[in-house]
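Multiple structures are listed underneath, in structure tokens.
Note that chain A is present in both complexes that follow, paired respectively with chain B and with chain C.
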Partner chain A sequence: MQDIYEWFRTLNETTGINLTIVHDAYDRRRMIEGFLNTIYLSAICLLFSIIIGVVGAWLQGSRLTWTRRLVNGYIQLFRNTPPLVQMYFFFFALGALMPRVENEWGIMEPILSNWHWAVISLSFFAGAFNVEIFRSGIEAVPRATVEAAEALGYTRLKAYRHVVLPLALRVCLPALNNNLVNLVKTTTLAYAIAVPEMLYVANQIWSDSLNVPEMMTFLLFAYVLLVGALVRVMNGWERAMRLPGFGT
Partner chain B sequence: MSPDRLRGTTDLPVLLPAAGALAARARTERRIGGPVLRLRAWHGAALALLTVGWTGAVWAQDAATVAERSSALRALWEWLPVLLGGFVFNVAISFMAMGIGTATGTLLGLLQISELRVLRGASWLVTQFFRNAPWLVLLFYCMFLLPFEFTVLGVTIPFPDWVKAVIGLALPVMANVSEIVRGAVQSIPSGQWEAAHSLAFTRRQILWQIILPQCVKRMLPPWMNLYAILTMATVLASVVGVGEVMTLTQRALAAESRPEFLVPFYGFVMLLFFAYCYPIARVTQKLELRYAVKH
Partner chain C sequence: MATGKLMAAASAAALLLTAPAGAETLRDVLESGTLTVGVKADYKPYGFLDKAGNIVGIEPDLAQDAADVLGVELELVPVVASNRMQFLEQGKIDVMIATMTDTADRRDVVDILNPDYYSSGTNIMARKASGFEEWDDLDGAPVCGVQGAFYNRKTEEAFGAEIVGFTGTSEALNALAQGRCVAFVYDDSFLNSRLQEEQWADYEMPLETIDDAPWGMAVKTGEDAMGAFMSGMIVHWHTTGRITELERDYGIEPVPFTRRMHERFRAFVPGEKG
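Moving on, here comes the complex of A and B:
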């Protein structure tokens, strides 16, 4: 490893290509943290957005009119406004209303940090799309299948979990994957509320080391590779989950 | 395999039409590289209600406390020329980015169906690269890496921030247009190519006289949807400091320094975008229905 670091140091001295994220231990640690933060943020939002999607789709099938209306309102609101505006709204408008608590150094700080707000706003943003996707998937499962499950003694929840969801998931998968890829790209917006993800860290590094071209190129390739890897995994998953005879 | 065909040939409890609709939607989204906009008139009504309602609430509060402070509505009225000017700038940015993106994207899309393997591979790579990169990162890339002026043959051409923003937004548009063009050309039944070949058309003639005229119809709805998405994405330019409507709104709010104006001002900006994107989304849906390919 030391040889590689040294090689990049010489590269800087001879050609001026200053990749501090390799040969400078501090920047390296920062960038690795930023990279992991991006993955962490994507993973958490992905998880929450799927949970929101499943629960929302279930609530949309509810018999109560107002529950359905509430879920519909949420979907329309989050689908049709720019995610950047949503994030500002959550962080600046709702964040200001939150009560403040004392942290371990005795400084007052809001209970929800910018990290939490980024997770909340991104999950709700992606979740709104997921509700619609899961709803369409559930609609695709014939009523007769659910009735058959009920005839076998499944409760509504159990029929949903063991019969409807596995079938619906396979129908949803292509649309769901599009949305998840979109979500990973949208995590860059967390930059706007100072969440230390890759774009933010890159910005800090080029402010310190004045190596904008190198950092930008690295960033571009890092994101393309990250999204490319995700697309590959998702496509593989789609193929593996396909039910013969149920595909479209 | 279409769900209709399945339904005809099997007794198994097959999936309902919603499955086909969802699959079609996933395919469209993959081609245009983003969600399909489905705006409704009541979205605008709800936005207007929120803006006006909040303005009224602020006004009522003001009337109760300090009478001489200006109301949110008056502040909005005063800032209106500035905000509208900023929005016109957004529209101008979106026009230019769309123009550049469409021109380069069409070229790239045609290269993707070239007969030369190298050209095909290279253009595919470029398309996938810019499709997979986040818009904000591409915007940052152009913002920081393009020089602020060019000197060609002794003539200095200035390169202000907004030109760089236009280029930064044109890159993802280019990649998506390329994919739309490729998808449209490939959606034309191959029988047409064969029929034209048998009538002794050259490849260029087939492409320009037979295939592409039919593609225009199929490309128009996704292209317009992409334009609406691009228009909404122009606010990203505010993150890199271009003086468009979002930047101006933030400055206006800073100048007023009244936190209760936040919702009316941002609501107004959202209304502007809605008013602009709603007709586009409607026309797109109409065209989609009219040009729907019947199988």
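Moving on, here comes the complex of A and C:
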């Protein structure tokens, strides 16, 4: 390992390509943490946004007018506002109204941290799109199939779980993939509320070492890698779930 | 080569043309009876507007001292960082006293006077109740900062704090007020100016300022007589401790630089006491 670090230090001295994230122990540790934080933040938000999408799409088909209105209101609110604005609103406006607890420094701190707000904001943002994506899938399920399920004695919830959702999921997977890819990229916005993900760390490193082009390039490749891995997994899932003769 | 010669000739010609008219700011000031000084008007307590709309503060007071010594009227012109050097070059102001950090690049544009008159560095703003005394007290503590500031790394690496970096000062101050961090690490002159506000009455700047960079007064390039006079004034202020006195008058603790300069210059004057 030491040899690799040395090689990058020499690279800097000879060519001026300054990848401090390899040869500087402090920057290396920061960037590894930032990378893991991005993965962690993405994974949690992916999970929550899918749950929100599935539940929201089910509630959208509710017989209760107010439930449907509420879900639609949520979608309008989150789909029509920029995620950065939402992030600031949640952290600085709503965050200040939260109950406070005393921390170890004797300061009354609001109970939800910047991490919590980032997860909440990003999950609800992507979730709003997911609800609509799942709805498109649900609407593609033939009415006759749903009626058949009802004839067999399925309740609305059971029909949704066992018949409608599995079919809808297959229809909406490509659109869902798109939205989840977008979500991974949108996690960079968490830098605005000081969540130390990759962009935040890169920003601090290039301010310290003035190696902006190197860090920008690194960021680009890191996201290509991350999103590439996600797309691979999702495509594999899509293939595994393919029903011969359904949809295509 | 030809271009270089041409440029040299042109600048020499420019010097010849401007020298008779431009290099005599001091005489013009004495003749017209007005000294025009560019100061900040938005940086409490260095230069700010009082309730009546007058520009007051440490820098306007120093400008007044200079005008008094010359026996002329003082005219203050509010400047900002982006126009202060241009105002000097255009002759809109005779002297600039406007929280300007003394750098080599700027010395190429205007004449920055020796010695420097002030300096600012890194400090923290924290609740009085927190009782921080040394930088090492920040070990393990969440400290708000502004993304990209060079001292963030030092605060983390050397003192063990956990920097929570926001995109701007207002976000960081807001987070500090909300209790999301125990302190805000930033430029001490900025913190001084915030601490003057009612809203931050329960806060203080408890540590010794580190990494300070000097501030210089400036005159237009080539204005040697004016420069010499103002340099003399600066030495006089350091000798008498005038700047530390003004700092106390405006409710801030004298920064290490002004205390140090006062100590140093006081020793140069035989028989002069404190």
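Descriptive notes on the structure:
Just so we're on the same page, the second predicted complex is superposed on the first by the 235 of 248 C-alpha atoms of A that agree within 3 Å, B and C clash if a C-alpha of one lies under 4 Å from a C-alpha of the other, contacts with A are read in each partner's own complex, and residues count from 1 in each chain.
Convention: a residue touches a chain if its C-beta (ideal position, glycine included) is under 8 Å from a C-beta of that chain, and two chains touch if they have at least 3 such contacts.
All of these numbers come straight from a predicted model, not from anything done at the bench.
Legend: residue contacts after superposition of the two complexes on their common chain; A:Tyr26 is shown touching chain C, with no touch to chain B. Residue contacts after overlaying the shared chain place A:Ser49 against neither chain B nor chain C.
By the touch criterion stated above, A:Ile133 is placed in contact with chain B alone, chain C being left untouched.
By the touch criterion stated above, A:Arg79 is placed in contact with chain B alone, chain C being left untouched. Looking at the shared chain after the overlay, A:Gln204 reaches chain C, while chain B stays out of its contact range. Legend: residue contacts after superposition of the two complexes on their common chain; A:Tyr191 is shown touching both chain B and chain C.
Taking chain A as the reference chain, the count of touched residues is higher for B when chain B and chain C are set side by side. Shared-chain residue A:Phe92: touches chain B and chain C both. In the superposition on chain A, A:Gln60 makes contact with neither chain B nor chain C. Touch criterion met: A:Met108 reaches chain C, while chain B stays clear of it. For the contact definition in use here, the residues of chain A common to its chain B contact set and its chain C contact set are 92, 96, 191-192. Residues 1-3, 6, 10, 12-23, 25-27, 29-30, 34-35, 37-40, 43, 128-129, 132-138, 140-141, 144-145, 232-233, 235-236, 239, 259, 262-263, 266, 270, 273-274 of chain B are the ones touching chain A in the complex. Taken in their complex, chain A has these residues touching chain B: 76, 79-82, 84-85, 88-89, 92-93, 96, 129, 133, 136-137, 139-142, 144-145, 148, 167, 171-172, 174-175, 177-179, 182, 185-186, 188-189, 191-192, 199, 206, 212-213, 216-217, 219-220, 223-224, 227-228, 231, 245-248. The touching residues of chain C, counted against chain A in their complex, run 127, 129-130, 141, 144, 147-150, 152-153, 157, 163-167, 171, 174-175, 178-180, 182. Across the complex, chain A meets chain C through its residues 26, 92, 95-96, 100, 103, 105-110, 113-114, 191-194, 200, 203-204, 207-208.
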